[in-house]
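Attaching a single structure in structure tokens format; questions to follow.
For clarity, chains are labelled A, B, C and D in written order, and residue numbers in each chain start from 1.
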Amino acid sequence: MSKSVCLVLGAGAGIGGTVGKRFAREGYHAVLCRRSDQEGLDRLVAEIRQGGGRASGYLLNAVEENSIEERVAAVEAEIGPIEVAVYNLGAQIGDRALLETRYKAFETGWRMATFGLFRLATALCPAMAARGGGTLLVTSSTASMRGNAGQHSHAAAMGGRRMLCQSLNAEFGPQGVHVVHIVIDGAVDAPDTLGKLLGPERFQALRDTRGRADGLMQPELIAETYLHLARQHRSTWTHEIDLRSFSDRAWWNH
Amino acid sequence: MSKSVCLVLGAGAGIGGTVGKRFAREGYHAVLCRRSDQEGLDRLVAEIRQGGGRASGYLLNAVEENSIEERVAAVEAEIGPIEVAVYNLGAQIGDRALLETRYKAFETGWRMATFGLFRLATALCPAMAARGGGTLLVTSSTASMRGNAGQHSHAAAMGGRRMLCQSLNAEFGPQGVHVVHIVIDGAVDAPDTLGKLLGPERFQALRDTRGRADGLMQPELIAETYLHLARQHRSTWTHEIDLRSFSDRAWWNH
Amino acid sequence: MSKSVCLVLGAGAGIGGTVGKRFAREGYHAVLCRRSDQEGLDRLVAEIRQGGGRASGYLLNAVEENSIEERVAAVEAEIGPIEVAVYNLGAQIGDRALLETRYKAFETGWRMATFGLFRLATALCPAMAARGGGTLLVTSSTASMRGNAGQHSHAAAMGGRRMLCQSLNAEFGPQGVHVVHIVIDGAVDAPDTLGKLLGPERFQALRDTRGRADGLMQPELIAETYLHLARQHRSTWTHEIDLRSFSDRAWWNH
Amino acid sequence: MSKSVCLVLGAGAGIGGTVGKRFAREGYHAVLCRRSDQEGLDRLVAEIRQGGGRASGYLLNAVEENSIEERVAAVEAEIGPIEVAVYNLGAQIGDRALLETRYKAFETGWRMATFGLFRLATALCPAMAARGGGTLLVTSSTASMRGNAGQHSHAAAMGGRRMLCQSLNAEFGPQGVHVVHIVIDGAVDAPDTLGKLLGPERFQALRDTRGRADGLMQPELIAETYLHLARQHRSTWTHEIDLRSFSDRAWWNH
């Protein structure tokens, strides 16, 4: 029997995996996709199942041709219609001066942050519209709102993502597909991304100074907002929302 | 015994009163303030009490000197600390060409939309900060994001409101006070505001065409988002969010 | 014989007076208005006249009832039609915490930055439209784009100004009146404003460190951009432009 | 003898070629590059030379590997240091629903609008910084500010362009390189782009209705603003400016 599915692209130990778990608790079949770390993926799936939820996990390289398209088709054929999709692939490569930003990195940033979303939307939005509705939650970042030194690749990719979200919303909103651009404007307590970017020592230091419960955004709490957005009735939709810690400055103030 | 309070300024039959009711259901003592219509106010308070909630109602003319300040002081002294405040006073006067926008109207718009919020914040935010936290939910509008023909008064007042919210957030966020600027970017099914602006016949026609459940934002659903925002943990706060119907164009598309 | 007039409200030794001088060089009769310092005003007028230009100077308190309206009427009756108006009144009061921002200061900020512009526009834009065109150049600031700690009054007033400019543009643009919102996003080498805000010693120190020619915006150079904007053909108008020094960060980066 | 050069990428009969001519009149050696139409290119170069200016023309396919990099290197080696570069490559493909927007078109849009600018900046900005300064004028569009139905490819590409401009500005501004993001927010009287998009009949009809001198932006007038921007002293730089006809609505109003 088909059941409604929540597909997560970029289901690491931070926002993506945690959102998947949260939706599984609500009865969705969580389909978790990530590029690497089969072990971590299996652990996440097992955790959900042990909690009584339903989940499947797949390694998926989003920059590979057809990877997203085939996964969407397989999920819809084998598990059920995707009701909620979470596009959680980042393209942060840390601050890099222009000359240290290789063409390859710039292109990969776009493939991850912009083109991958376009491909997912192409595979999914018309089908959602034909079914009368669906939700596409797009994790985004400060760099989608403004460029900055060292952010050539990241900001260009995320700025494209934001404008694409608005374009998708304009075409598919009236057809019942809810597209949300979620601006994560601060540090997330996520070992897979921020942790790797900083390295274990600096990440631990940040956790120690900033306070894990307060100064860093907790994926569990972010997931509550994702869930709220997915539950909004179509008469009262949010298209753009920002999230940051009380102790962080908003992007327009730093 | 003091209990936590949700104060609503602008508690008519639309967003304000409905948000008050919603918070009362969560156990808050709803303090509802509106400029006129004692009867409607009494009905709202009675409704909440019949549902097992706690509520008080006051007529309050926000443009009158000390009206807001005295109400805040009285509520905190007599009922309990204000944990959540909802600033829901609008300043929409319909589309008016410049020469039809009187100085008086322009000034009143500012007194309602900008100065009233400043006065509320002055009376409340430092006290909230001293208590370690609090939430200020500010209903705002399309006109806070862009001016337009006929919107001289409304846009100037709301643009000021938005920048004030950002300023309050920058000062009080780090002290635990959560300020949210909520952009209501579409028509709300609210007889007291949109209904009066359009007149009963055009309002009914709009309800008939646009479909009450879908094409107009329902205050009950808006209230769910207000509640979600008030519940956000301080590590994961939203400062700005927009709301519109799936069938409405976003402000940047019309 | 009537000649075309450039009216400057806020004609101190910084942007306002310098823009007036620049337009006088182009043949405009510069009408310079400022709140105080008759001597400085006389000097400015004399300087323009010695250079072969035409100028008149008036003390004008923009927050006083009818001050702007009567000046506009008198200028148009006695000197000539106002072709270009420069609204250059600031409302910067330095950084002040909420509790140090008095109601009076907040209201004055609005009267200077928002209401004064509304009054000028009411007195002038319909007349310009009736004459087939005109230009309204509005000096604005970083605070019109985003609020910040200590900027409660300034940001609220300037945010209102920006939305008012957009509203004026939407109504009067199609009638040939060019409204430009000019975001001065950095420190100007202006003894009357920044100089007073910082005090003579800190101002001199800033000039010494930042380099007068480079690190601080020179009013003479700003005036070139004002002139360019006033000269734009109506098929190719700018509504919003920002200005800052190469050594300043843009507002979205700090 | 080497002389200062103005390089234009996208030098058709609209903004690009006209800006090239305008800078040639100021004494720059105009290096005009366009993808096709050798004849049109030759005509443009001849026109400039007949007017006493210096110009060279090259066919250049910006999406081809190394095309931009090699041209920059050759110009700097053979003609002189590039003082001003105009990036004028568009990526408008007309309104297309998501399913009509092929992957190839989406990728080409990015290659033209975003990646090409990144490549130019990589080839040029560090050299400009090493020489103490330079100017990069980037033609952009409404779609860089907001997405819309049918604009999936165009808006994603232009949104990336805008964020890239801000990132370049943040890194290279302090080194003396002036990056300007110019938002062309309306219809340009350009036979090569708008003319081709609409077809000859609809384009002529638009010229007839809208009035060539007024309702459509004239490339000659746009070029005046480009020139003004290139002449701004580094203490008083514009990073972002919009341009539209008085008879056009601003993007935030439609």
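For the reader, a short list of remarks on this structure follows.
In this section, a contact is a pair of C-beta atoms (placed from the backbone, for glycine too) under 8 Å apart; a residue touches a chain by one contact, two chains touch by 3 or more.
All values reported here derive from a predicted model rather than from experimental measurement.
Listed by label, the chains touching chain A and chain B alike are C, D. When every chain is reduced to the mean of its CA atoms, the largest separation from chain D belongs to B.
Computed centre separation for the pair chain B/chain C is 34 angstrom, with centres defined by C-alpha atoms. Put simply, the C-alpha centre of chain B and that of chain D have 45 angstrom between them.
Multi-chain contact residues of chain B (touching two or more other chains) are listed as 146, 148-149, 166, 169-170, 252-253. If you check the complex, the residues on chain C that touch chain B are 97-99, 101, 103, 106-107, 110, 114-115, 118-119, 121-122, 125-126, 143-144, 146-152, 155-172. Chain C makes touch with chain D in their complex at residues 166, 169-170, 173-174, 176, 178, 213-218, 221-222, 224-225, 228, 231-247, 249-250, 252-253. Put simply, chain C touches chain A in their complex at residues 145-146, 148-149, 251-254.
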